[in-house]
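See below for the structure under consideration.
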């Protein structure tokens, strides 16, 4: 029950098809997931977000698997269901094992716990932590 | 202006000192940061959270630097000032370069953006993403 | 699977019926949505929240459509499923087009992204921004 | 550096003064805290929010101290600095001891941790939990 | 559709069974809820989180019902579906009435409202609130 | 105390200066705010985020003032201090009056309140709200 129509390849405008083609080619898959089909209602936004994602998630100072696990960490913290499923699947495709996933969740849980202890107890930031 | 008194080593109970000693030994430092000094008002909680942190942040299926960067990602997402400063400092000590930090932030930014696009557009989770 | 019983008009106390009548009259509809039926378990809360909503969402310095879009922006940011569906429907009834909805989502996404970049990079607030 | 002017009693309109008087009388204090002085730029909002607060925080099925601690729990979870300071102070005035405050924080920390473990691992809700 | 396999008692390792047994004994129930079955994929994390939960939720300066209601407050604030269902059920088992639940929700709603008013209006913290 | 060095125009690389020039020209100002100076440590990210911002915040189906107010709504909801100051200043430059700002805050507060009531009471989404 999407709040935006899911635009299929067959009915899409040429500029949308061009992005869909690039998504499938970049990822080596033959289908488009629903996030992009919803975003395609605004072709400029589709192109912008996809190009952001392609640039940000490419290998660089961090490897792609680390980036996907950071994505999962943020998505679980925010409680985004769609993003948790899609980026956990992506991280698994890039090599995340069961043990890595469980450890990732432990770090996410701990960070969320201590974030709130710090927010509630309000200790001042130690000068040693300041750059 | 902490909401809990910051307990210094000199005035601390033996069970608090034992945790402080373990923190300094584990981290190879000679000082205790304010988070633990605030938490020390509840010695059982201090011991519990520290032992959690020690277990979760130890090397395992993920390396310690990756874990620190995940911690920073969660802290920036939650807007926790203390945790952002302390875990960014910790990640730098463990080898995070400027380029890695900036890329980490780009992933965190992108994930927060697409989390809300998914929350607003509400595309259904694709069956391909389900385990 | 509501965590509070959904109170139907027929079984409701007179003070609940009075609020239900006012909701239907104010909105020009002949049904009550589930949010109010759940809240009706506390008639004083039902009356209080409804009167808040009626006061806040009335035309004033901002027009009702702008207010509904702000409501959707907050609901998507918080990931509240019920509120995203109900206020997107309300915004559409008040004139939000597909193009407006997609642009709204782009702003929400961008703001969530830059919020976390600012939270992570921690630039000081420029004096020029201070009132 | 408030983003809204802080309206002092002396310069306030009669309807604002009436709310200020009621706040001071209800709380048994002789000063107005900055939150209300900022909100007073919209006298209708000041009156609405204050009357909500008075109704919600009054003794009922829950006692006022429990309500203040719930307020602190939400404020620490959201990372709201102003609200954490003001409601921790209010809870202390109503009898919250150091031990209660530290336990409260432990529950808040644990709940934030397990919330994210549940968001990331996505176990289905057990039928036994459904009302 | 859990993202982690749900480990049943019959197939579990002895150290997992030991935690399951302790959960059932501590709570006086004869079944294990899905959260623990998902967490059991990392037996060390299962044991750690369960022992945290047992320590934090035990009677102390706060009674167990107050602690469960604080848990519900945090879970509703974070929008964690699983935790809201499970801890609302737990709070009801410990004596939370309908009236208490509705009042709890009113406090949670008010706190979330005023948290954002404070975040947006940015009044400075009054010196009187500082410890 | 920024966690990333603030790069001044004089010391910046040509591709950073080109973005700075475009920011100043687009906004009709003669200074660069600290957010961009921090982001400039990653020139590709600086360019990407700025071009996103320019595209998203341009007039379209929504006018620029409405977009800035939505930005403020999200920033106050997330508790992002920097973004709240900078986008409130931007909204004021684009014509937001005191009355509009106070009404905006009332909507943000109400939406955050009802989001949590919906999250806690969990009424099912009414079929009438589904597109």
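A, B, C, D, E and F label the chains in the order they appear, each numbered from 1.
Going forward, contacts are C-beta pairs under 8 Å (C-beta built on N, C-alpha and C of every residue); 3 or more make two chains touch, one makes a residue touch a chain.
Values in this document were obtained by computation on a predicted structure and should not be read as measured data.
Participant: Please identify each chain that touches chain A as well as chain F.
Facilitator: Touching chain A as well as chain F, we find B, C, D, E.
Participant: When the contact pairs of D-E are compared by residue number, which of C-F, C-E or A-F has over half in common?
Facilitator: Checking each pair in C-F, C-E or A-F, only one repeats D-E, namely C-F.
Participant: Which chain is most remote from chain E in terms of Cα centres?
Facilitator: That would be chain F.
Participant: Measuring between Cα centroids, what's the chain most distant from chain C?
Facilitator: Max centre-to-centre separation from chain C belongs to B.
Participant: Would you mind pulling out the distance in Å between where the CA atoms of chain B average out and where those of chain D do?
Facilitator: Measuring from centre to centre gives 27 Å for this pair.
Participant: Rounded to the nearest whole Å, what is the centre-to-centre distance of chain B and chain C, using the mean of the C-alpha atoms as each centre?
Facilitator: 34
Participant: For chain A, what residues touch not just one other chain but two or more?
Facilitator: 1-4, 49, 52, 56, 75, 77-81, 84-85, 88, 99, 102-106, 108-110, 112-117, 119-122, 130-131 - these are the residues of chain A that touch more than one other chain.
Participant: How about chain C: which of its residues touch chain B in the complex?
Facilitator: Within the complex, chain C touches chain B at residues 72, 75-77, 79, 81, 84-85, 88, 104-105, 108-110, 112-117, 119-122.
Participant: So in the complex, the part of chain A that touches chain C is made up of which residues?
Facilitator: 3-4, 41-42, 45, 49, 78-80
Participant: Taking the touch rule as given, give the residues of chain F at its contact with chain C in the complex, in rising order.
Facilitator: These residues of chain F touch chain C: 1-4, 6, 31, 33-35, 37-39, 49, 52-53, 56-57, 60-62, 66-67, 69-71, 73-75, 77-78, 80-83, 85-89, 97, 99-100, 102-104, 106-108, 110-126, 128-131.
Participant: Provide the residue numbers of chain A that touch chain F in the complex, in ascending order.
Facilitator: Residue positions touching the partner: 1-3, 44, 48, 52, 55-56, 130-131.
Participant: Within their complex, state which residues of chain A touch chain E.
Facilitator: 79, 84-85, 88, 98-99, 101-103, 105-106, 109
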